[in-house]
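In the two complexes below, chain A is the common chain; its partner is chain B in one and chain C in the other.
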Partner chain A sequence: MSLVNLDFAEELKEYSEDTALECFNCGTCAAICPLVHDNFPRRMIRYVQIGARQKILENSDELWRCLHCGLCTHTCPREADPGEIILGLKRFVVANFRRS
Partner chain B sequence: MFNPKDIIETLANNVQQTASPFGIPKFMVNTWFKHASLPKKGEYLLFTGLMYQFTPYIEKSTQYLEKYEGTRMAGLLKYARHIPSYISGIGLAMITSGKEKKNAGQTLKNICSLLKKSKVDFAYRPDLDNYSGILLYDMGDQKGFVAHAKKVAQKLQKAGIKKIITVDPHTAYALKELFPKYTGINFEVKSYFELLNLKSKDCGLEVTIHDPCFFGRYLKLSDVPRKVLTNLGISASDIRNQGEFTSCCGGPAESISPSLSNEIMEKRAKELEEPGKPIIAYCPICLGNLKKSGANVEDLSTLLVRHI
Partner chain C sequence: MSENNKKVGVYICYCGGNISDHVDVEEVRNRVEKMPGVTVARTNMFMCSDPGQEMIIEDLKSDKIDRVVVASCAPSLHEATFRGAIERAGSNPFIYDHANIREQVSWVHHGETATDKATLLIAAASAKSKLLKPLEPIRVEAKKHTTVIGGGIAGIKTALDIAQKGIEVALIEKLPILGGRLNSLDRLAPFGEKASDILKELLDPVLNHNAITIHTDSKIETIKGYVGNFSLIVTKKENNKDIKLNIETGAIVMATGSVSYTPLNGEFGFGQHEQVITLQDLITLLKENKSSGSSLEVNGKRIKNMVMIHCVGSRQIPGIHQPKENGQLNEYCSRTCCAALLNAANQIREKFPETGIYEMYRDIRTYGRGQEELYEQASKNKVVFMRYEADAPPVVSESNHSEYPLKVKITDSLTFNEVMDVPADLVVLATGIEPDNVSDIASMMKLPIGTDQFLLEVHPKLRPVEFSITGIFLGGTCQAPMDTGETCNAAGAAAVKASALLSKGYIELDPFVAEVNTDKCQGHGACIEACLKEGALTLTEVKIDGKIVKKAQVTAAMCLGCGACAAVCPKKAIDINGWALKQYEDMVDAIVSDGFAV
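And now, the complex of A and B:
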């Protein structure tokens, strides 16, 4: 069972702009992403929206597959900035493993 | 795939100890300028950010990572960060081919020739030319990046530098966008091809350009090299994914997963090979990666220097 953390969005503000709620889950980013991998990055953005902090930490290795190529951000119809959300999540995970 | 934590901590450790992500001391990496007799004063400062100089070492270390990815040896990487960087770095420097190091230096000499030919007043100061820290930024080590970037920017500021010429997209993005945001220090940053003023007769050549993500999409500069080529009578073929919609060469995944990087590179190489023309890259990472795929590719500066 995954726990939902209602303060997660607040916690993430330290690492990136708070744009995840702009996302309406259209999947454009996942369709254009050169990684073509299991709904990436959309799935990660969904995790942020619903406060699935633990899910992100469990699947954190995936974040480093991201090339920071910016195609998703460039094509997102909602300006949710998915590429920068992924970069922010990397920062969050790095800070997390350095603390532990 | 390697454990990102091991890779990040190794890189962060190297940058902290040697100001280089590969742990190779600068005096060993940056030697290209020694016989180039470049002025120490000028309107612009040429700032290479050492990316071209690092390419042969990146290639060598990726060959090793490729060998160990998915094997039990991959797990041993976590111990690498306990080896002093300059020892592992010098080891890497010793196994890297001299020919490749010389080629990387030649690209920078070519860029200097192009700037001189275009009458750009520029200086080179090896003491001020440092790695930008961009890899730390991309990997999410924000603290490490900001600490390093501040040192680099403050050194430039202290020397009174205001205008900078960069030669690769990663350093250009770091200095133009990230330094002002995270160090509070601003420079006027130009990429070398923005300053070129070259003319030549139509040579009827057509090439296919691979736009790097940072130049094509983030900095929106992909029209500029095309104009430079047009002035030399060289045309660029149209491909589906170019300019702002360019496709990544896969290079950024090299240290985390060489197999993923290869997969993306093969796909991109195919797109670029479609028009059947020589391929032109203008980023050392893209160049190295596309070369690895066996594509007929060279650096923009190498092509330009042949036509002036």
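And now, the complex of A and C:
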């Protein structure tokens, strides 16, 4: 079980655009994404919305599947800019890298 | 009056193919023409058109006919049209009868059977029409006075609109002040007007209007009478004394309003944690809140995380939600809470940016003008939405954490049903709308109540502010969950209906009511026992040849015209005008003899 945290948005501002809460969870990004992988990138956007910081770090592998083709950003009806958020999350994950 | 010398005109409609595609209209006309008593039989493409009506008027004026039967669509569509035509010809509009050969024939039968059934229905109608009497509408004197029950926004709006039409109003409120639930609201969704401003705008003219008498602290004891002539007994508290008032009134408007659902003890932690409050509580807090910092403060504590839960006491599902003690479940959507909750969330996010908000919803229903914009605004204000299913509601419990007192566990379907803990300093429950309990008043007037416990109108679309009892109307949240704008709409509609009813000082009612043949009546009283409407039939003593005898007497304004009396009278001394027993017998005779009864 994860704890949600609204402060995460503030932490992420350093790495990414602050557009995640524009998303209303329609799933268009996941449908158009050529990776067709387990609700990518929608699930990641959702984790950003609710501030599930740990979930993002645990599932960070997914981020590097992204080809940055831009289809999700292009088709998003809410201008939540999922492509940019994924890019920002990569920066965040790199900055928080820990050798475990 | 003999039924044998009547001249029946039959007018058969093609309905532009609606009827004639399946019924051989000309063949029907040929058959009808030969029926006994039928002097004229004509057809037309559209009998309701001007040329169609003109045929009827011509035949009446030239004395070819003295009874009219139109065979066309359902009488609910054009009965009034053809009665009007007869009136324009200078005849009594009640010499008219209708055969429905569209809904009852051409839309459900085809070919020869359709033609045959149309013939039979017309035969029955023309047999019946021969016994129709020229009737006069029942005229009831009506007091130019309305009583509005309930002094909330619905009641005061209704009272003001009626008074402005020059009709006196008694406005009755059980509490010491007018204004109802708006007194405890603040900025109203979706456009943000202040509830107090709206109330003031209505209350000032209401308090100063000569035609409006206000009775606060008052309770309805009894209601009697009928349209135009109701009488109420009201107990009013004045200077700690109960005084009894008699109010004579022409119409009644129910504006008895609603209450907010009270959560059960333990429902989402309500009653167990002081940080769990209702939306109404939050609105009161916001109204009185003077804090100017960047976080909302409640009881001196900074609110960093606020959880708002939708659909509390609304959209309840049997088997999932726990009914109240009386077994009642609120299965309906209260409609107003989504917008009200979003409205409150926006206010908080805009004034206190460091107070974060989670809204946990089943569905967001921002159905009205300006409401979807509230959702848009809430997204812009970075309100976080989480979604739960009815059978897996959020669970509120103590957090055991020093930074926040409560946690709300949710299975969030927007995060693919992952289970999450949400920290909470305050939990706000969007409690639904329940009708105020007016069962005592409703039973006095026999007003229908729906299974959802709201008062029930005649028809939700066609007669939305009327009860089936003439002269009684309803408006506002006693009828269904409504926001303030919708309530004022309904109140305005009820006011117009009541004003129109009373404007002439008298009311004309359909004359299809019971009539007693006093020669035959022996005063058995069986009819009075059978009568469904208390007061419509009474036994009165009259002097005949020096002897006092009892006779049944009809109060026409109260009679429902149901015929229960006619069915039980051992002497056949009571009958329903327009629907007499003999008319039924003649209709049956016409049908069994294939339309050729003599």
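The criterion applied here is as follows: the second predicted complex is superposed on the first by the 97 of 100 C-alpha atoms of A that agree within 3 Å, B and C clash if a C-alpha of one lies under 4 Å from a C-alpha of the other, contacts with A are read in each partner's own complex, and residues count from 1 in each chain.
Note that contacts are C-beta pairs under 8 Å (C-beta built on N, C-alpha and C of every residue); 3 or more make two chains touch, one makes a residue touch a chain.
The structure displayed is predicted, hence computed values, not measured ones.
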Overlay done on chain A, so just call it for chain B and chain C: clash or fit. fit
Touched partner set for A:Leu57, first chain B, second chain C, both or neither: neither
Calculate the angle at chain A, using C-alpha centres, between the directions toward chain B and chain C; round to the nearest 10 degrees. 130
Using the superposition on chain A described above, determine whether A:His74 touches chain B (first), chain C (second), both, or neither. first
Which holds for A:Val94: it touches chain B only (first), chain C only (second), both, or neither? first
Overlay on A puts the nearest Cα atoms of chain B and chain C apart, in Å, by 24
Enumerate the contact residues on chain C facing chain A in the complex. 305, 356, 358, 379, 382-386, 409, 412, 414-416, 418-423
Can you check the complex and tell me which residues of chain A touch chain C? 1-6, 9, 21-22, 24-25, 39, 43, 46-47, 49-50, 52, 55, 78
Quick check: in the complex, which residue numbers of chain B touch chain A? 1, 3-5, 7-8, 138-143, 213, 217-218, 244-245, 247-248, 250-253, 256-257, 260, 264, 267
Mind listing the chain A positions that touch chain B in their complex? 15, 34-35, 60-61, 63-65, 67-71, 74, 87, 89-91, 93-95, 97
